[in-house]
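In the two assemblies presented below, chain A is common to both, partnered first by chain B and then by chain C.
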Partner chain A sequence: MNAPLIWIGIPLILSPFLWLPRRANVTAFLGGIIALFLALLAWFLPIDTPLRISATLSFKLADSFEILGRQIIISPADQPLLTLIYGLAALWFFGSSAAGVARRLVPIGMSIIALLVASLSVQPFLYAALIIQTAILIAIPLLSPPEKKPGRGIIRFLIYQTLAMPFLLFSGWLMAGVESNPGDLELLTQAATLLALGFAFLLAVFPLYTWIPLLMEEASPYAVGFILWLLPSIAFFFALGFLDRYAWLREFDQLPDVLRSAGILMIVTGGIWAAFQRHLGRMMGYATVFNIGFSLLALSLFQDYQLSAFFLFIVPQSLALLIWSLSLSVLTLREGSLLFKSRQGDIYRYPIIVLGLIFAHFSTLGLPLLAGFPPILAAWGGVAEKTLLSAFWVAVGVASLLTGAVRTLAVMVMSPEKENWTLNGSWLQNILIGVGIFFILLFGLFPQLMSPLLTKLPFAFSYLGG
Partner chain B sequence: MLILITLSFLFLGALALLLLRIFNPDFRYPWLIAVSSIFLAWASVLFWQIKIPLELTLPAWQPVILFPDSPHFIVDQLSWVYAFSLTTVGLGTILTAIVRKNFPSAPAWVGILALNGIGILAVLAENPLALVLTWTAIDLAELFTLLASVKEENLRERAVISFSMRVLGSGFLIWAGLVSTAAGTPLNFISASKESGIYMLIAAGLRLGVFPMHLPFKTESALRRGYGTMLRLTSAASSLILLARIPYESLQSPFIPYVFAIISLTALYSSWMWFRASDTLDARPYWLLGMASLALISSLRANPVGSVAWGTALILGGGLLFLSSLQNKWLNRLLQLSLIAMSTLPFTLTATAWQSQETLWWGYWFILLSAQALLLAGYYRHAQRVKKTDFKSHSPLSRFVYPLGIGIIFFALLILGIWGWPGAIKIGAWYLGLIATFITLILIWLRPRIRSLDPLEAHWLKPNTAEKTTTGRVYSLFWSLYYFLRRLSRFITNILESDGGILWTLLFIILFASLIAEGIR
Partner chain C sequence: MDFPLLSWGATIFLFALTLSLLLTRDWRWILALLAAQYIATFWLTQIHWTISMAAVKLVTGWMSATILGITRSALDPKFATTPDDNAWPQGRFFRILSAMLIFLLVASTAPSIPKLLPGIGLPEVTGSLILMTMGLLMLGLTTQPLRVVIGLLTLLAGFEILYAAVENATLVAALLAVINLGLALVGSYLLLAGTEETGGAT
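Up next, the complex of A and B:
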């Protein structure tokens, strides 16, 4: 038995079977339980350490698996990362039934996660780009069902994500040269430029994020939310792998400035664009751009805080995105349109669903008391120590996203006639969103609750983790 | 521990009422539970005096490298006064609830108890992080209460606007922290960089509606007298505590003289409006604005004790007046006597209000003393105009409990003049108090004799909305900018999302690539 078989093989094998149940609830439940089980295994089951079962019997989980001459290695240091990925995936799978996409999201999502975990573990690690590309291709039926004509968003998503692959492969090829010949400035310039472009496509850095709002209009908000949670997270871990591996890249003087500038660009443009949207889905899309910006900003602080600022963002951002996309999916399922003019006065018809939407939005922009506040405060403070001008631009982005939140709130309470309160939406939908709001508040007040996981996550990156 | 005991009384009381409301709606004694909870909390706050300073630290935020500060609360002489005032008004609110038309109203009492708990945490905040968290809790409570209680579309929108202004205020406090950190002095209430003070002042001003002057709720009769009063006063107290905490060294910005002038004018304007207003509850924002402006002025004059004096007078004086709804000879006298506590005369609550080592241009004294006199004269007038409801028509219990509620606030106003905090038993700037009292008496005497000072209620006249005011022009300028940015963002979005968008994007990419390559070289 080996670790890759458990965390990559089993989900890949099980994913086709998740198509079998006829009821979406069963699919969602099974998917959630499997992911939760894998997360718990990752937390408790030691890798590469003999486990004594009885006096004569012991068991050791190997950390590697060879396939076609390549190795897939999951070391003990990767276990917290697996716990995080599968734990959050379990939440997404449990919520998928309430969002009405369980039968597509759970099987496809499970295989995408397995592939993306493989991409983080494959050796030589350049093959990761190919595996990520496979995962992106598998994501297409999730975002655009076969019976539906693909829209501009899906095509653009495919183009931009596919363009990332050659840049990353080329840069990886050049980097091997840089390692053997570090004095070659020309080679270094080419490698760094190609790498930056590859990740710009993968992380949808401005202006490469146009597919996000388009996709939010075309596809199920929950399915897009899942992809917007998973892909950037894995892309970031992949980027951390590069940084961890190449000393010259890690010690590159301009790197923090580049990351900070890109982050601020994302925060400002995402925030400003969100402020003027009239479609709730597009608003969420731009908020995701804002999220990626903050993650880049936190990453730019790695020389001061290692990766603690970066990892602090993962759970709050994922939780807010989950609640937000679930709320939007419920509104889409029940009302159809997510345009402002159609959603006036919804707070009186869907109080908990709309509260979920509003709390998720406020958490994303870092409203105090909500889960997004502690990481944003930490990253913002770190940036302010470097340059107050950058902190000011971050303030512009946050204020713009706040404008979007206030507009959403204003629309939700705007009702021409005096409406009475009614509780619409199924019990499952209301309970899931209610629990989500509770956790958003809990992590906002006690961010240290995430600490047991966060302290172990950086060990997956031996140099950056400190 | 003592802080936790007080908070437990409040939050457990609220929880008990809530559970009873859900599981036993016919329970007959919710009011007794509410009164017991708030009374025990009030009494425990009095006991804090024995062990001041008291501290309450929440579990530290981690990782510590990112969060050098964690939410921390402290009872010192200044925060105790606010906590005592808030619990006193809370006690008064629940005691006087016995005569309200909506009695019994368990949901409102749940709100009052919970709000009191959060308000106490806000005034005890020892660092900006704790303050900003409690501010948001109050803001969210206010927002959801308003949305749940008002039905008119414009009032709902105003609730959202009010919420945004307050959040913006919280944002300025966070920004003050960042500015201070950038200057190498992490922000706390003991030390702050000189660049950050102005932002803290703006934060408090924005939340109080003073700077820039705005009244999100011009009419708020939709809010009930009891809960509405508690909400407004808690919100004000939570912002006023910041004024007492701003380190004076941080208020050295070149903009401070302008801020001072604006606040003085705001004080004068709002006190004038308060003086002329005919409906007490409608005029409530002017009272808050006027008194809060005077508290701001004290802070700017390096007098945190004076700022607390004004703040406490705002809460207790306001609570006393806004909770009064029954006419009785003795109660009216109590209301009028309470003016002494706000007169800045020696041995009163506000004796230290005008004290300062800073000199002030005489023109400002003219404005500020006039503002104080107008506020006091207006208070006297509103106290006279308490609606004439027959006191004797109420039950004997109500006739006993209601005056107790009013009396306890009055008692607090008087007792704070001689006990419990650094502003007690002080002579202060007695001559200024005398001048203010003299002007107040003149205004009270003049009011019925000069018609322009006593406008009749004219409901049939529609206000002239066609004429654009300066504020209106500022707002239209703001909206023009907003629409311009919206058109610009749509234009760019259309370009990038259209079929040619990919080409534009590739152009950008080539541009970026060349920039990155140049940067690396």
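Up next, the complex of A and C:
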């Protein structure tokens, strides 16, 4: 038995079987339980350490698996990362039935997660670009339902994500050359440029994020939310792999400036576009752009704070995205349109669902006492220590997203005629969103609750982790 | 096996094929041209890879063309185009002019690449750049799923020629084959999506 078989093989094998249950609730429950089980295994089961079962029997989980002459290695240092990925995936799977996409999201999502875990574990790690591309292709049926003609968003998603792969593979090859010949400045510049282009496509860095708001209009908000949680997270871990492996890249003087500039551009443009949206889905799309911007900003601080600022963002951002997309999916399922003019006065009809939407929005922009506040404060403070101008632009982005949140709130409470309070939506939908709001508040009030996981996550990266 | 004359022949063949791909509107011709494109790709790849590994590209390419062909042939013509596709430049003169500009760009850039990638010849670089740039042009001119996927396959074929010169791992060949087939399947899925009343699994 080996670790890749458990965390890559089992979910890949099980994913087709998750199409079998006829009821969406069963699919969602099974997917959630499997992901939760894999998360718990990742937390408790030691890799590469003999476990004594009885006096004569012992068991050791090997860390590697060979395929076509290459290895897939899951080391003990990767276990907290696996716990995080499968733990958060379990939450997405449990919520998928309430969002009405369980029968597509759970089987496809399970195989995407398995492939993305494989991408983080393959050696040489450069091949990850190929596995990520495979996962992107599998994501297409999730984002474009069979009963609907594909729109421009899905086509752009496919094109932009596919374009990332050649750049990343070539940059990786050039980087190996830079490593053996560090004095060659021309080669170094070429490698860095190709790498930047590859990640710009993969992470949808400005101006390559046009597919996000388009997709938010075309597809189920929950399915898009799942992809917007998973793909950037894995792309960031992949980027950390590059940083961890190549010393010259870590010590590249311009790297923090480039990351900071890209992050600020994302925060400002994402925030400003969000402020002018009249469609709740597009608003969430731009908020995701804002999220990616903050992750880039936190990553730009790696020379001073290592990865602590970056990892601080993962749970709050994922939680807010989950609640936000679930709320939007419920509104889409029950009301159809997410346009402002159609959603006036919804707080009287869907109080908990609209509260979920508002809390997630405010948490994303870092309102005090909500889960997003501690990481945003940390990254913002770190940037302010470097340059005040950057901190000012971050403020512009945050204020713009706040404008979007206030506009959403105004639309939700504004009703053309007097309405009575009613609690619409199923019990499951209301309970899940209610629990989500509770956790947004809990992690805002007690951010230290995340520390057992957060302190172990950086060890997956031997140099960056400190 | 490296016969420079044949390699240059394959490169010129690729330019003619991609230009025809850009100008042709009949899907049968488009898929035949795509399949022919993989013969030249195979020839340029086998310079750096073994014949058997390069043959994987040929077979995968033909399989991709077949998958797309089978799907397209089963499709009702009224579903074949997207309504807003007429907004994109359609004129042949425009397309020929764009292709010529691309050819000039490739001709001026190609000689500098062999310095970056030691061991690679000018015909492979030229063929690869022609495929990549023409693929990008195709992507910029349409939103039709079939043409978009053909654009992506063309772009990837160009990349694979160049990458074959620097990487010859079996796993890479296998994964690239999976991606090519995956793109064809995604293309088929997108062609079929929304064409009939489906159950719509939720």
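Throughout what follows, the second predicted complex is superposed on the first by the 466 of 466 C-alpha atoms of A that agree within 3 Å, B and C clash if a C-alpha of one lies under 4 Å from a C-alpha of the other, contacts with A are read in each partner's own complex, and residues count from 1 in each chain.
Heads up, the rule we're going with is that a residue touches a chain if its C-beta (ideal position, glycine included) is under 8 Å from a C-beta of that chain, and two chains touch if they have at least 3 such contacts.
Given the structure is predicted, the values throughout are model-derived calculations rather than measurements.
By the touch criterion defined above, A:L423 reaches neither chain B nor chain C. When the shared chain is aligned, chain C comes close enough to touch A:G69, but chain B does not. Once chain A of one complex is fitted onto chain A of the other, the partner contacts of A:P374 are limited to chain B, with no touch recorded for chain C. With both structures placed on the common chain, the touch criterion links A:L20 to neither chain B nor chain C.
Within the superposed three-chain model, A:P141 lies in touch with chain C and out of touch with chain B [touch as defined at top]. With both complexes superposed, B is the one of chain B and chain C in contact with more chain A residues.
Using the contact criterion defined above for the overlaid structures, shared-chain residue A:A247 touches neither chain B nor chain C, since it reaches no partner.
Applying the stated contact rule after C-alpha superposition, one finds that A:I33 touches neither chain B nor chain C. Applying the stated contact rule after C-alpha superposition, one finds that A:I131 touches chain C and leaves chain B untouched.
Once the two complexes are laid over each other on the shared chain, residue contacts for A:L51 go to neither chain B nor chain C.
When both complexes are aligned on chain A by C-alpha atoms, chain A residues 152, 159, 190 touch chain B in the first and chain C in the second. By the touch criterion given at the top, residues 152, 156, 159, 185, 188-190, 192-193, 196-197, 200, 207-208, 210, 213-214, 254, 258, 272-273, 275-276, 305, 308-309, 312, 347, 367-370, 374, 377-378, 380-382, 384-385, 387-388, 391, 395, 398-399, 402, 406, 409-410, 413-416, 418, 421, 445-448, 451, 454-455 of chain A touch chain B in their complex. Within the complex, the chain C residues that touch chain A are 82, 84, 116, 132, 139, 143, 145, 148, 151-152, 155-156, 159, 162-163, 166-167, 169-172, 174-176, 178-179, 182-183, 185-186, 189-190, 192-195, 197-202.
Across the interface of their complex, chain A is touched by residues 58-63, 65-67, 129, 132-133, 135-137, 140, 147-148, 151-153, 156-157, 159-160, 163-164, 167-168, 170-171, 174-175, 177-179, 181-182, 485-486, 489-490, 493, 496-497, 499, 501-502, 504-505, 508-509, 512-513, 516-517, 519-521 of chain B. Listing the residues of chain A that touch chain C in their complex gives 24, 67-70, 100-104, 127, 130-131, 133-134, 137-138, 140-141, 144-150, 152, 154-155, 158-159, 162-163, 165-166, 169-170, 173-174, 187, 190.
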